[in-house]
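Chain nomenclature is as follows: A, B, C, D and E, assigned in order of appearance, with residue numbering initiated at 1 for each chain independently.
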Amino acid sequence: MPKLVKRAKKKLGLKPGAVVYVGEHRTEKVEITVIDYDESNYREIKVDKVEDCFPFKDSPTVSWINFSGIHDIPLIEKLGEGFGLHPLILEDLVNTGHRPKMEESEAFLFVVIKMLSLKPDNHDLLSEQVSLILGPNYVVSFQEKPGDVFDSVRDRIKKTVPRVRFMNSDYLGYALMDAIVDHYFVVLESIGERVEALEEELVSNPASGHLNTIHNLKRELVLIRRAVWPLREVAGGIERLESPLIKDATRLYLRDLYEHTIQVIDTVETYRDMVSGLLDIYLSSVSNRMNEVMKVLTIIATIFIPLGFLAGVYGMNFDTSASPFNLPELGLPYGYPMFWLAVVIVGGGLFWFFRRKRWL
Amino acid sequence: MPKLVKRAKKKLGLKPGAVVYVGEHRTEKVEITVIDYDESNYREIKVDKVEDCFPFKDSPTVSWINFSGIHDIPLIEKLGEGFGLHPLILEDLVNTGHRPKMEESEAFLFVVIKMLSLKPDNHDLLSEQVSLILGPNYVVSFQEKPGDVFDSVRDRIKKTVPRVRFMNSDYLGYALMDAIVDHYFVVLESIGERVEALEEELVSNPASGHLNTIHNLKRELVLIRRAVWPLREVAGGIERLESPLIKDATRLYLRDLYEHTIQVIDTVETYRDMVSGLLDIYLSSVSNRMNEVMKVLTIIATIFIPLGFLAGVYGMNFDTSASPFNLPELGLPYGYPMFWLAVVIVGGGLFWFFRRKRWL
Amino acid sequence: MPKLVKRAKKKLGLKPGAVVYVGEHRTEKVEITVIDYDESNYREIKVDKVEDCFPFKDSPTVSWINFSGIHDIPLIEKLGEGFGLHPLILEDLVNTGHRPKMEESEAFLFVVIKMLSLKPDNHDLLSEQVSLILGPNYVVSFQEKPGDVFDSVRDRIKKTVPRVRFMNSDYLGYALMDAIVDHYFVVLESIGERVEALEEELVSNPASGHLNTIHNLKRELVLIRRAVWPLREVAGGIERLESPLIKDATRLYLRDLYEHTIQVIDTVETYRDMVSGLLDIYLSSVSNRMNEVMKVLTIIATIFIPLGFLAGVYGMNFDTSASPFNLPELGLPYGYPMFWLAVVIVGGGLFWFFRRKRWL
Amino acid sequence: MPKLVKRAKKKLGLKPGAVVYVGEHRTEKVEITVIDYDESNYREIKVDKVEDCFPFKDSPTVSWINFSGIHDIPLIEKLGEGFGLHPLILEDLVNTGHRPKMEESEAFLFVVIKMLSLKPDNHDLLSEQVSLILGPNYVVSFQEKPGDVFDSVRDRIKKTVPRVRFMNSDYLGYALMDAIVDHYFVVLESIGERVEALEEELVSNPASGHLNTIHNLKRELVLIRRAVWPLREVAGGIERLESPLIKDATRLYLRDLYEHTIQVIDTVETYRDMVSGLLDIYLSSVSNRMNEVMKVLTIIATIFIPLGFLAGVYGMNFDTSASPFNLPELGLPYGYPMFWLAVVIVGGGLFWFFRRKRWL
Amino acid sequence: MPKLVKRAKKKLGLKPGAVVYVGEHRTEKVEITVIDYDESNYREIKVDKVEDCFPFKDSPTVSWINFSGIHDIPLIEKLGEGFGLHPLILEDLVNTGHRPKMEESEAFLFVVIKMLSLKPDNHDLLSEQVSLILGPNYVVSFQEKPGDVFDSVRDRIKKTVPRVRFMNSDYLGYALMDAIVDHYFVVLESIGERVEALEEELVSNPASGHLNTIHNLKRELVLIRRAVWPLREVAGGIERLESPLIKDATRLYLRDLYEHTIQVIDTVETYRDMVSGLLDIYLSSVSNRMNEVMKVLTIIATIFIPLGFLAGVYGMNFDTSASPFNLPELGLPYGYPMFWLAVVIVGGGLFWFFRRKRWL
């Protein structure tokens, strides 16, 4: 389960704008991939040195430069120089605990966003920070680690789907964000299935482990909520942006993206409602069960404790020879059958009593 | 019970604007009905090919084109070409999990709305998405499956009710939305009856099954809430729209529609309040009942356990012949009656104690 | 107890603006009373036919036309024609489940409001819809049934209180609304008294019936809340209205009315807070009581079960003659006194234990 | 404890603007004190007749006229005539249940505010309504009963503290409101101490009486909240007022007053949070305690009930002479010691079981 | 644990603007340190007399004057005269219970902010008020006691980090606030670790002490929340300020500061959510545990109480010689083995019953 808060102490005491990676420790080399295309051409290049990306900044073709990691600080700083990024932007870029946000500068748009996905093996929630630098004809994207949800976008660019190719970097940026938000629905669907499965199980057979499941669902919803609420502002903000970076033709798509984030929020809030409803069901099923346990105890004890007393009475050793008043029942020829008659009457009476109380 | 969230994985990885039906699998042929009328004429036609609808788009008469299903994607796409609908609109149209919304374009108004109804046999809640394309003199409506709440509108058009006939497509669109919202009241009334029946039963005789009923009511209210909150914005938005598509004479009716959605919201919120009140009643009635069970157990055990001890004492086998201090009571002529006297005194004392504690 | 939601199925499928009464079935004749006055004259007339009201519409005197029922639909429709009321207004007028609202048209102001009162015999809450048509020199008021809270207004008009007489219909309309809101305070005061009485009782002697009382209080507060929250908008709306119908001299009074509705809201919210506080008290008093029951059971069982075991031990029939190790205590001369000594020691020890645990 | 809602039935049916005192019944004579000062002079006068105040209205000196009661309606009405107060203002002035508010007229500012203080003997919360009429060079203040929190203001005026003397009525009005708000902090501090004391006690030794204390704290916080939330609007409103009555030099102080009310609100909300936290602690400590009681019962019963059964077995009277299979243990030479061995084994086993379950 | 509300009674009755220290009693001498620098020079001076600070006010170099305490009122007042501070500002400065706020005057900006840190030994939360006077080329900072979080800022100034040296007082002020907010993350991280540790422990082994831990976490979060919500307004307010005191180059950093406060708020709210989730877990684990206790009791009692009754029956002393109906079982040759058979059957039956109920 991803931690809810990440920003760490190593940040402390550094000057503002200090570029410090605060995520999990990583050592692998950061891969830089460039996809460069225009209406008629398409190239995909693995870049070794960050300096090799710089020409793409001002080339007329649309370029998508993707970094598969942000733990290599010198590399990020070199890129910052090459693309003219303010130190504060670099700081946000490598701070993996940052809130989703959008920042406009003259030359580009800077977007921080959370990419959610499910671990293929056990459906655990994975959260990764993705930052986008959206320039006039380039998009630079930064991921925390290799592996992403952008394959569909790559496919579409490669397969000459005209819309992506002919449109500019703003549409590419939108396509990346749309791919991320589309994956939110996958994650939510998986949560939805778990919620509904849990719901059925709780009603039929609640167990104490369910409390933990409920708690984990709550936690995941908190995480998604933290990712998507600020995203709404980001999506809405880009749509309303009066900037030459955003073409009018793209605005319609951004509006669509905005609506999708609203729908994600809506769904998250609904699930939160449902999950707290599940807690209520769980708690009252525990309560019901204790009630049932109590009833069984009470029925048994209430029937047999008085009968035990009766048996105890006739187990007393009063000297029957001392006086005719001492336990005369013991000498009666039908004393024992009468004892059992008393047992049946007392037991039957209590049975009737419990019936009337609807305990049986 | 309808699922709360529908958008499914098959959507994933497709380009934005891809027209993909995500509802239940359906194969039946989509029926297209056209009702075409003006002040003096009225026609109702079943259309076989979608192309046959296109002439109605520009005819001077008012035309209502209804699709009884949205699972036939090629048909929808053909319609989109004929009526000039943007791919994103087609995408929303067939995405049955979409949030209610209103979108204005130059040529038409696009409205997505949820139609709620009750299953005739068991009063289950049914939710279906209805989309409307409201053009200058036509309305195209899309339903998920045959069967709707529009019969009253059809009747009014057929029976020459002048208002509907003489007014234009904006009033027709309003009439369809009004029919849907009117059905919300039917659904709410049914829920209201269930809430009040449950309330009475809970007070007189709470059972563990009621928890489930409460949970189902909550869930249905969540569903209606999700349908009606965005509807408020839709209704308010259309009313305020500065568009030649909406005539001033219709605005008064749209205002009325808006007020009805407010009233539905108001009622839903009230029911939510009441249903959580019912949960409180249920929980404390369970608690009360456990209390009562405990009291019975305590009274019986508290009376008979000490008496059982007393009987046990006189059942001991101390050797009375060894010393006069060993169980001298056993040899007393009135030992046994005195034992019963002690039983009556102890029992009576505890009875008095329980009375004072108000347990009896 | 009044139902919380009223709009009924009979409305379904009718055209918008259809005038359908949805309240309780009533058959009595609707009484129409006209109070007509100016600075120097005063008349009170019972009108038989609704047409007889029409002249008052344009007379220079101020006229208050009151309908004691709204179930006679033809009568209402005739009035609508005579006073030029839009069908949608007539629809709202007879829909007794409508939300309080204010609607401005050129010729008049239409106000829907809830009149709350207490049943004289058992202090049940009664809710009735009152609609006002406020024209330039007339006020038409509609009630659901005879009997209202307007007697003080009638008295003031009759007794030549100059302010009412000399002022115009806007002040009269204000006076009617003020009388209704003043009655809200009466209702709230009665609820307040019940809340405080319940509070005292809960602390001294909680009983299971109190849960029901709490639930009923909650329900009544929901009802008043539903009546008064929209009323705030109505009162505020009329005050801010830029209409020749409202004179500036009346605005000060409308401001006062607005403040009173705020105070009602404030009080309702405070009571809601208090009532949920009462639920907490009730629940934890139930819990406390169960705790106490448990303690009694535990003390008795914990003392006597071990003692019972001891008595059982000395009631065993081991053959003392078979060996000196078999129950040698039975043959001791002071065996029985020593048994009682053990009883006192065990009992005293447990007593000390319970004291330390603060159970006694 | 002061009642939460005060407006009473005697108000009902009167015309708006009717001046009716609704507070506790009082008969003592209302004392009127005038403090009249300018830069160089200072007078303090007890006024017998209300007419004697009128000259101060237009005198060039600053005058503070204080009424120690508002139950003498004719006196208030006479004052109203003399100072030109609208009947609605007089109505609010004597309605002790009014919400704090500020009303501007051309000639003066009318402020209603709640004065909170602690009863000296038992620290009960006292709430009193104070109204201020703030004219160009006079302030009239109305209290419900003698005794107030204004002594510090009087002292400062008397002791020639220049700031108060040289500044005008607006600063005097501010000083009075500031004295009232300063007292809110005293009240809150007392509540804070009670909250923290209760917190410590609850953790160390929760008792059922604490529930009541929690409820009382909640109630007092509701009362303060009702007094201070509208006060915020009042303070903010006066600060922003564009009126010649408020000098710019005073605005800085009014800003300070506004911040103090914000701080009071902040503190009240924090205490409310804490008090509901206390309720949680209380409830779960009750729950913990019941758990502990249950454990003791279970341990004792679980150990001794099986042992009691065993003793019972060897107390049975099967005829050992009838067959060697009947209770052969009784005749064993070491039967009794073996019985005790069994007791020790069973008891020890259960002890180990409870240890493992962490019950001991 | 720091107290939540601090403003004390000693304030009462003083004139507004009275400078009264309300924090803990302190007697140590207040240390005044001045750090004075420009592009090329750097000086750090300990100042003995407050008058020695005055020249720095108008010197062209940037000066940071730090007070290590605010309990020396005459000193503060002298400073107020020297730097031209309004009495109300001095009042706020020494009132350690003040809400974070920002106040603009012509000559300077006045900022009140809370500095949070962890006690090094036991990680208790420490809260201290820091006030800043931000003038054109000086910053005066006031702390409650020696020791702060500004060492990193001092280091950066000293080590000729150009950015700090070359930028003006506005950047210095920002750097101080940034250092404080950075420490919030340290505090939050520590709380986060405690929350996650508690979470794991609660699931594996809940104990009654955890309730206290939860309560303390809640309390600390309330404290941080109170510090950071108003801080958001402060940071946002300074950023938007149209004042020559704030250079445009600094605004970007202030924006960053604002975002950090948003992130702190976000994290605090998430932790609050989580902590109340922990309370739910705790409460239902207590409930589960009681359930388990009850089950053990019920199983033991339900099995052995009926068996005890059976043993009691055969311990009765009915006179077998009086009639063949009196306890004939006792004389059977296999009576005792049959008794044990009955025990095994009853025990086994109940075992099966408990299995079916899933209690075992």
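Worth a mention:
The definition used in the following text is that a contact is a pair of C-beta atoms (placed from the backbone, for glycine too) under 8 Å apart; a residue touches a chain by one contact, two chains touch by 3 or more.
The structure displayed is predicted, hence computed values, not measured ones.
Chains making contact with chain B as well as with chain D: C.
Distance between chain B and chain C, defined via averaged C-alpha coordinates, is recorded as 26 Å. Per-chain CA centroids place chain B at a distance of 41 Å from chain E. Shared interface positions of chain A, defined as residues touching 2 or more other chains, are 287, 290, 294, 297, 301, 305, 308, 312, 315-317, 327.
Around the ring, the chains sit in the order A, B, C, D, E, counting from chain A and moving first to chain B.
Taken together, the chain D residues at the contact with chain C in this complex read 3-5, 7-9, 11-17, 86, 88, 91, 97-99, 101, 205, 208, 211-212, 215, 218-219, 222, 226, 279, 282-283, 286-287, 289-290, 292-294, 296-297, 300-301, 304-305, 307-308, 311-312, 314-317, 327, 329-337, 339. The part of chain B that touches chain C in the complex is made up of residues 151-152, 155-156, 161, 163-164, 174-175, 178-179, 182-183, 185-186, 188-189, 192, 196, 203, 252-253, 256, 259, 262-263, 266-267, 270-271, 273-274, 277, 280-281, 284-285, 287-288, 290-291, 294-295, 297-298, 301-302, 305-306, 308-309, 312-313, 315-319, 322-323, 325-327, 357-359.
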